[in-house]
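Down below are the structures I want you to see.
Below are two complexes that have chain A in common, paired first with chain B and then with chain C.
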Partner chain A sequence: MKQVKNDALLRESIIRTIAAIARINEKNIDDSVLIREELGIDSIMSLEIVAQIERHYGIAVDEEETLQIKTVGEFIDYVQSKIIHRGRET
Partner chain B sequence: MKCCEPVFESLKGWGDHPVCIDLGADGSATSLSAPEFMQRINDIQTLLMKEGIGEGDIVAVFLENSPDYAAAFLALLDSGAKPVPVNLGFRAIELDEIISNAEPRAILVESANSRLVRAYATGRIVIEREGGKWSCHRPGAEQDKRGPADLGDDIASINYTYRGYGYPLGALVPHRQYVTGAMVLQEGIRLNRGENILVVLPMVNIFTLIGCLFHPLLHGITMIIAHRKNPAQLLEYIRRHRVDNVLAVPELFNLLVKFRDEAGDISSLKAFLSGGSVLPVEQYRALGMLFNVDLIHGYGLTEFTPVSRNIRGTVKPGSIGVVSRGVECRIDSPDKGGAGEILIKTDHMTRAYHRRPDETAEAFAEGWFKTGDTGRFEEGHLMFTGEKKRTRKVKGNMVDLEEVRRALVSVPGVHDAAVTVEDNTVSAVVERETCSGRIEDVLGIKRYLEGIIAPYKIPKTIRLS
Partner chain C sequence: MKIRLISPRGSTTGDEVVERIFSETKDFQGYIESLTKASSSGLLVIASLTPAEHDVRIIDENCEHIDFNDDCDLVGISAMTQQATRAYEIADEFRRRGRTVVMGGIHATVMPEEAKNHCDSVFIGEAEETWPVFLDDFRKGAMSDYYRSGKPADLTTLPVPRYDLLNKDNYRVIWLQTSRGCPHDCEFCAASRIYGHAYRHKTVEQVIREIRAIQDIWPDARINFSDDNLFVNRKYSRELVAHLRELNIRWFAQTDIAIANDADLLRQMKSAGCTTLLIGFESISERNLQLINANGWKLKKSSTYADAIRTIQSCGIGIVGAFIIGLDEDTEEGLDELAEFIVANNMFMAQISILTPFPGTRLYDRLTVERRILDRPWSDYTGMQVNIQPRLMSVEELQKGFYKIYQRIYDKDARVKTLKHFKDIFKALSCTVENGINNS
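Up next is the complex of A and B:
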């Protein structure tokens, strides 16, 4: 139950970050939304999102890897896997 | 004289500080001394000789920033080959034009980017870099009969740029550009021997090749090569490696502002070297105050860089600086406010585009180069006012509006398109036609464009008419 709640909070927080940087209402963003084509996230915006996520979750995001990510849902999954990986390392 | 020769002289008397520090994505930091860096150059030269690459051979370079990139570029120049640095963001439309125009005999490629060159590998020598090691392939070697290009001994490299024709133009960049460019840049930025510079931008544009490769190597400055570029990480690099100087585009400096509060001790910072797009007065003041650094902004083109740069200590905010020594500059047909097209003349600039006589004739006349940019003089400083040519800078990247239009009309069902840039955003209005296989929606059009042009050129907003 706690894990489900954490997942929802993580999802909400990432969407809020993306929405703020893309200047889009977060209500218009769901997992299936395409990061570049639909939200218009460019390379400079991506760098800012990565920096915010790294700062917030204490993880290292590989900028090259994020280039392969297409949707908001994939990005959330990616961040989640990094958080889990970090948890195992510590 | 080849431009690599003074670099080799500089390396001989380098001193104890490293030539470069390579910051890996895994958090590693690998230093290279002058003898170690020279050894890398020699190793690549040996490889080039073994593969028969030398005088006059055109070599497309698809490498990411690394000490090996720097060493390979110098080794190619020393061998008499003509490197063609290629933007790794380019896709089919740009690459088809560059490869068909340059006709490289060989390709140097990062194995991670080998998919980019797959379509062009047949009949060429392909040298691949993986994990710091080089290997050579010759797919369809029997077609490898391209002779050396007769570009002349004075030409160092072919650097592709745009002027609004809808396709890239290969500027024939002379050896003198690299050495003189680094020298007049130093007259403006005045870095001290033993300082370092953080290399963030890809070493594919002339701004980075001069500012982050030739200038540091000729002035005893350590290159610190960053593989991760998000602003929080850059500030962490600055703190941990006691970075003195950073060269970047204004948009990247502005991102640093948002993360300044938690940067820790970055008191090592001395200067931000800025170029590649417009730096308004307000941003200039905000950056300088927040980071307590000298912010030195300048202007240049692939055909010659830097045309102008501010002089440290006498910077005029909002300007692109004073014209570099040895460069003549005039404003053509000025309006009432004194603004018109910027024309330049120097012995060290590009004089032609590779195999493009008509475009060359339009751009170069009576010794002058028509920059296609507009500006005016104010208190001895050049002020940038806009672009006359059909190109625009979008967050430091050059976008050729006609090339984007061409890409759009190649989409099934698109008859014509109008492309504009405002507030750092590319937009398009698309006129459609009825045909089989027509792509129906904006999303489909953007997805199609992803495969054929660089991501930063894809319009953020597309309106269907």
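Up next is the complex of A and C:
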């Protein structure tokens, strides 16, 4: 139950970060939306988002890997997997 | 009256090799698409100056097909040089069907007689004053062959361009013009022939109205300011930037390297949503810069390029470096040096243009005298194909050198280096997000 709540909070937090940096209404962001084509987020904005998330969650994100990510949902899953991986390491 | 305003199909690159490089790296650099999918701002202005009683439609051939059987009364076509060949085909097709066709834009302005062979009337220069006069003449059946603007348009009196006439789904980046005219006198520049060197701008209130009109249609739009230089008048640009912050938009603009001298303005720009600046460096060769710019301004600035780039990027703003190759002092080695300069300075993207002798420019006049302009169609005037005989290189060497630069600056190592560089910058910049991550 706690894991589900944490997942929801993480999702909400990532979407809020994307919205703030890309200056997009949060309501227009869902898991299926395409980061580049639909949200108009280019690699500069992506890096700003990634840097913010790295700093906050203490994870290391591979810049090149993030370029392969197409949707917001994929990005959330990616960050989640990095957080889990970090948890295992500590 | 049914009026159709057409922007003819333009070429993205006109070149398979470059197309492939861009396509393979588009996740890294999405900038080119925003240029090629740009709406024609001139036609939006013309539409806004057309009385409401007329049925006006804007057709962007890059996004939609032209219905040549449309029973319209009037066809207006605006074209840049690389669109001219297609513009003439469209004009001829409509005239064969008995339609009245008029042409304007930068190419018709500098080649009015050529354009007149394909249409009924040609607009020379800015059409803000002449379009209403023409509409009146057209209604009376007394059109002139040419409509020449007598003086620079007063931008402060212009209505909001008719963004509502664009097909919403075709555009994610919207271009907005706040000013015209550039004080620099560059040999290759065609824009100054239509807009002149006197800098004129809209009021801040006008620009805000335009952005709000855009946001009504595209709530999360990215705005690209199409001005040759958004920051000529610092007092004005500071005021504009302060208001942009309130509008919560992300935006791109073009300017010159002097912006690096104003770190405070750069920080304000970042905080107001500026993501990227296109900066016209033109060349890293002092001898080239000497030739390009009549007032020597760019030459004086060239020694500051690396520091200036660092200053701008450290504020979290990416740079699209605009360079011209095929200049008179360029050699194969010089082009290699340019590629390494771009990579070494972590330039986010680069717009490499092959020196193109656009008609109406001082460059065109000089190269005509020197008999160095190749016999190529206007559709090759994309800035990505060689249309001149370079001075110190062969045509083939220049074209290959062009490919080599793009291959180098977008190779995997260079891209990863730039990405890491920017991530480090963003990590160093604290509090860039005010409403982002909470304590989840």
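Please note the rule applied: the second predicted complex is superposed on the first by the 90 of 90 C-alpha atoms of A that agree within 3 Å, B and C clash if a C-alpha of one lies under 4 Å from a C-alpha of the other, contacts with A are read in each partner's own complex, and residues count from 1 in each chain.
By our rule, a contact is a pair of C-beta atoms (placed from the backbone, for glycine too) under 8 Å apart; a residue touches a chain by one contact, two chains touch by 3 or more.
A quick note: this is a predicted structure, and the numbers were derived from the prediction, not measured.
When the two structures are aligned on the shared chain, A:Leu34 is found in touch with chain B, with no touch to chain C. In the superposed model, A:Ile44 lies in contact with both chain B and chain C. Residue contacts after overlaying the shared chain place A:Thr17 against chain C, while chain B stays out of touching range. Of the two partner chains placed by superposition, A:Ser81 touches none, neither chain B nor chain C.
In the superposed pair of complexes, A:Gln68 makes contact with chain C only, with no contact to chain B. In the superposition on chain A, contact is made by A:Leu9 with chain C only, not with chain B. More residues of chain A are touched by C (comparison of chain B with chain C).
In the superposed pair of complexes, A:Asn25 makes contact with chain C only, with no contact to chain B.
Residues 36-38, 40, 42-44, 47-48, 50-51, 54-55, 63-64 of chain A lie in contact with chain B in one complex and with chain C in the other. The touching residues of chain A, when paired with chain C in their complex, are 6, 9-10, 12-13, 16-17, 19-25, 28, 36-40, 42-45, 47-48, 50-56, 63-64, 67-68. Looking at the complex, you find that chain B touches chain A at residues 25, 27, 112, 228-233, 251-252, 255, 258-259, 262, 395, 425, 443, 446-447, 450, 455-456, 458, 460-461. Taken together, the chain A residues at the contact with chain B in this complex read 34, 36-38, 40, 42-44, 47-48, 50-51, 54-55, 60-64. In the complex of the two chains, the chain C residues touching chain A come out as 27-31, 172-173, 219-222, 248-250, 273, 275-276, 316, 318, 348, 412, 415-416, 419-420, 422-424, 426-427, 432-438, 440.
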